[in-house]
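I've put the structures underneath this note.
Consider the two complexes below, in which chain A is the common component and chain B and chain C are the respective partners.
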Partner chain A sequence: MTAILAVDALSVRYETPDGVVNAVNDVSLEIAAGECIGVVGESGAGKSQAFLAVMGLLAPNAKVSGGAKLRGRELLGTDPRALRELRGAELAMIFQDPMTSLAPHIKVGDQIAETLVVHKRTSWRDARAQALKLLEQVQVTDAARRLTQYPHELSGGMRQRVMIAIALACDPVMLIADEPTTALDVSVQAQILSLLKRLMRERGMALALITHDLGVVAGLADHVTVLYAGRVVEAGTVRRLLKQPAHPYTAALLRSMPRIDASVSEPLVAIRGQPPSPRELVGGCPFHPRCDLAQPRCAEERPTLRSTAGAMVACHFPIAASHGDLS
Partner chain B sequence: MLRYALQRISGVIPTLFVIITASFFVIRLAPGGPFDEEQTLPPEIKANLEAAYGLDQPLLVQYGRYMRGLLAGDFGPSFKFKDFSVTELIAQGLPISLTIGLAAVFVAVLIGVPLGALAALRRNSASDYGIMGFAVLGIALPSFVIGPLFALIFGLYLGVLPVAGYETGQPKYLILPVVTLALPVIAYIARLTRGSLLEVLRSNFVRTARAKGLSPLRVLFRHALRPALLPVVSYLGPATAFVVTGSLVIESVFGLPGTGRYLVQGAINRDYTLVMGMIVVYGAITLLSNLIADLLYGWLDPRVRYD
Partner chain C sequence: MSASFLKIDNLRVHFPVSGGWLKATRRLKAVDGVSLEIARGEALGIVGESGCGKSTLARAILKLVDVTAGQVVWLGKPIESLSTRQMRPLRDSMQIVFQDPLASLNPRMTVGEIVSEPLRVHRPHLTRAQRKAEVGQMLERVGLSRDQINRYPHEFSGGQCQRIGIARAMILQPKLLVCDEPVSALDVSIQAQIINLLEGLKRESGTSILFVSHNLAVVRRLCERVLVLYLGKTMEVAPSDELFRAARHPYTLGLLASVPIPDPDVQPARLEIALSGELPSPLSPPSGCVFRTRCKFAIERCATQVPVLESASERSQVACHRWRELRENAG
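Moving on, here comes the complex of A and B:
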């Protein structure tokens, strides 16, 4: 399989007056053409940071190392001008908060058209005509009227659709969606997700879906990468990972999710403790202070990501497939 | 936008009416009158004078008479500058005050906004510290210090500009007053622009603009600058009014025959009509500059127009 996006040993760190913050540590992942990868983790696990680094959108004080190749072209550390030509054209991103992610003073149609004008040198007139088609594709009702409206005249779901239309304008090969539904109502969430699914299929576009919601991942993703404390702890196909999680963290995450088919009396199991702050360095496995299966070795030696029985997992004592059944 | 504009404009006339009415009665509350001087006039002469100016009438009658005159564009006679009507006095001085005031605001925006933007873009660099240091000085130093200092340097030592005075059609007399007047406004605008641009540059929609692959210049000018100018515009309304009407110090330092002195002299002399005339004019200027700021605000931020 040829990877559309290959992230290799990516690390992001900040040197602050209060010490070094390690936001992302040695993250590698690959996304194939037309594939959807779910990137899962708690708040502060480094999901957004990793992909903002790929986009070159981190704050100037971020120190990024490692590599990220889009169709074989290195993105990190390249000439900003060359990166800008890819950004918004071949590689697009949508964000968590549609309420504040659109420029308040520019008409919706022009915000979509601008991408085309800048990247494809389309005339404004043609770009606006295309913007109308894009709005229709992302199922915005009354699209012609929306073109001349300002973002504050649109609902949150509509605005996220506009964000998607902006991202899709230049037909990207890779779309990064950073918690695209977190700020939306549940019913709107489902609409946006099925829209993303359809657009992916129609366009053969790869999708990186950053989320803390395993339910979202289950519905959309082919592969999943689980991040904990800025590191990949487990990766694999969505089927295997949801059925037979190999890392105790993944298993705990699944147990902590409400299930529609569980009996009402069954309590939800929370993961004890707090995820480590990226400022502190936990020795050994970063998850060991919260892990029910931890052994002395877990506190001393950091497990590396390795392949065991069809799963990529960073754990000294992965849950074996035989008793990986969630009971 | 049209409805928003009409709404704003329709608010101006009633406000001006309230200002005029309130001022008319408040001035009369101050003890003394225009004809009370160190050497007391014989009561008959004083009574005659008051009758001649209508001051013997009940206050409400005087008010009605004044308002009628105002509607016809007549500010009445000055009590102290005996050969002049208030209209004539204002017509002489106002062009000068307006010119230096508006020029100062214009210069201040033209210099202050780019300086502030530069400081924001080069945050924590030498140029940022330099600009902000200058801004603190500009705000802290009063114009009666800077004015004479400029007159000393450019007028006496360098001899390139006149120290003071005014001759019609000679703009070189206005340069120092305009610069002195503009300096604190430049400083304030630079600080406002810097702060608000820094905030906007961190906002989500600027991140979206960058994610679209736009060039830094396009991100700055098309996406960030307009929202960042909102605080500057809301400051500009009162600031313009203040600079145009509050140039009294500058006018005395540089010996300019503007209107600033009339307000002070008029108030001390109880020159009711002159003070009222100045209040009407300054009130109108204040309302007008705030109106323009409001309209600009609506243009900058579409969300404002619909409230």
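Moving on, here comes the complex of A and C:
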């Protein structure tokens, strides 16, 4: 398996007047061509920070270490001009809020065409013609008229489709989608997810799907990486993770989700407390203060990510397959 | 069923929308002829996509927006035409929890001030010490500690802020608690905490809940009955066990099929589009059945004739010309 994107021991930290903030700690993952990887975690888990680092879009005061290779080519520390050519062309990213990621004063057709003009040196006339095709590919109804509209004239779902059209303009090998459906209705969410799935299949494009919703992951992802407090706590195939979670955090997340297909007679099992702020340093396992299975050792020694029966788990006392089987 | 203490009859909330200079003002029908009842201790869920009128309906019941037509009867008394002043003594019996936990708390007030303010307004006879005791008790009931009484909202996480919002709403022991998307701004692991808290409060206090949410899985947990709204009109009302087992309206079925299930054996197939298109503009709703433009089963009749909300079983109603036929075909 050749990885399209290989992230190796990536760390992101900020030195602020209030102390050091460790946003991402030693995160490694690989994404193969045409594969979808789900990156799951709560707010502050470091999922967006890790991929913004890959894109070279972090604030200037961020200290990034480790590596991120796109088709063997190192991205971190690359000259900003070279990176700008890759970004949008080979590697594209879409964000949660399509309103704030589109320029409010430029017609959506021109925003799509601009990508082609900048990266492919296409003429504006040709680029606008291609923009129309792209809008049709992302299933925007009445595409010709939409080209001349401004973002505020479109619904949230339409705006996200426009963002996807911009991201796809130069036929990237890898798309990073950061909570692409969180701001949308469930009905539109299902439409956008099935669109992403179709586009992946048609173009052989790899997708990193950053989300907090395990249901979204279940529909699209081949592999899943779970982040907690900036660290990978569990990684494996989507079936292994959702059917037999080995890390108590993954298992607890699954139990705390209200499901439309499960009995409501049993109370939801909430995870107590809240995710740690990246400012706090939790000794030992970062999840131990909220973990029902924690032992004294968990507070003292940080578990390393190691392989157990088909998954990578960072836990001293991973759940054995027979206990963790939720199916 | 005990006498319902909130009854809404044919409620309409229309907003004038200026079409521009010299252009006619149009009417946005946010809520257009909704009737519902809530019994004591019952939780009713209002579901639908953004823009369907859920929040406007909730706010109209509390008279936080003006009612255009129809009746809101609260504890046997019509309240839709009461003035702000006449409404004030009734407000202690109906309270609301908002979606954005931090934005709905005054950043310059301490938690103690926020939670005790309803007491100062509605229970002026209480002494300072009595208020403080009640606030302390309430904070503990929602899972916070008495020691946090002098802290400010920014010192709390989103989930804790929502607990403060719930404490402020529950301190007057309201008979009706309106929750407008109370968990959608929270992290997954925190959502369950707040859902369990609301479940507990409902059980202990017997408060009725009007629960507005787009998250059907959450509604299923908390509510005994569900009302499905689309472009300001009721599509279906049914007890939860009935609705989630065998919904009748094509819109409800589409919404249910759109909810992701965290099971890789099931979810990929569910991604096949359940509901196509998006909510049409409420300024120019479709003729006939408002849902017909997105309905897989729409026929000519749906464009010309508005379906009436008819009884489908003892406790459920549905507004669809074809529900019987669709159900027979499915069965």
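Just so it is clear, the second predicted complex is superposed on the first by the 326 of 327 C-alpha atoms of A that agree within 3 Å, B and C clash if a C-alpha of one lies under 4 Å from a C-alpha of the other, contacts with A are read in each partner's own complex, and residues count from 1 in each chain.
The working rule: contacts are C-beta pairs under 8 Å (C-beta built on N, C-alpha and C of every residue); 3 or more make two chains touch, one makes a residue touch a chain.
Keep in mind that this is a model prediction, so the values were computed, not measured.
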| item | value |
| --- | --- |
| Joint occupancy of chain A by chain B and chain C, clash or fit | fit |
| Which of chain B and chain C A:166 touches, first, second, both or neither | first |
| Touched partner set for A:268, first chain B, second chain C, both or neither | second |
| First, second, both or neither for A:115, with chain B first and chain C second | first |
| Touched partner set for A:53, first chain B, second chain C, both or neither | neither |
| Contacts of A:95 with chain B and chain C, given as first, second, both or neither | first |
| Superposed model, chain A: greater residue contact from chain B or chain C | C |
| Touched partner set for A:87, first chain B, second chain C, both or neither | first |
| First, second, both or neither for A:233, with chain B first and chain C second | neither |
| After superposition on chain A, the shortest CA separation from chain B to chain C (Å) | 7 |
| Chain A positions touched by chain B in one structure and by chain C in the second | none |
| In the complex with chain C, residue positions of chain A that touch it | 42-43, 141, 155-158, 185-191, 193-194, 197, 212-220, 238-239, 242-243, 252-254, 256-261, 264, 267-272, 274-275, 290, 327 |
| Touching residues (chain side chain C, partner chain A) in the complex | 49-50, 157, 159-160, 187-193, 195-196, 199, 214-218, 220-221, 244, 254-268, 270-279 |
| Complex interface listing, chain B residues touching chain A | 203-205, 207-215, 218, 222-223, 226-227, 300-303 |
| Of all residues in chain A, those that touch chain B in their complex | 55, 57, 84-89, 92-93, 95, 97, 100-106, 114-115, 118-119, 150, 152, 163, 166 |
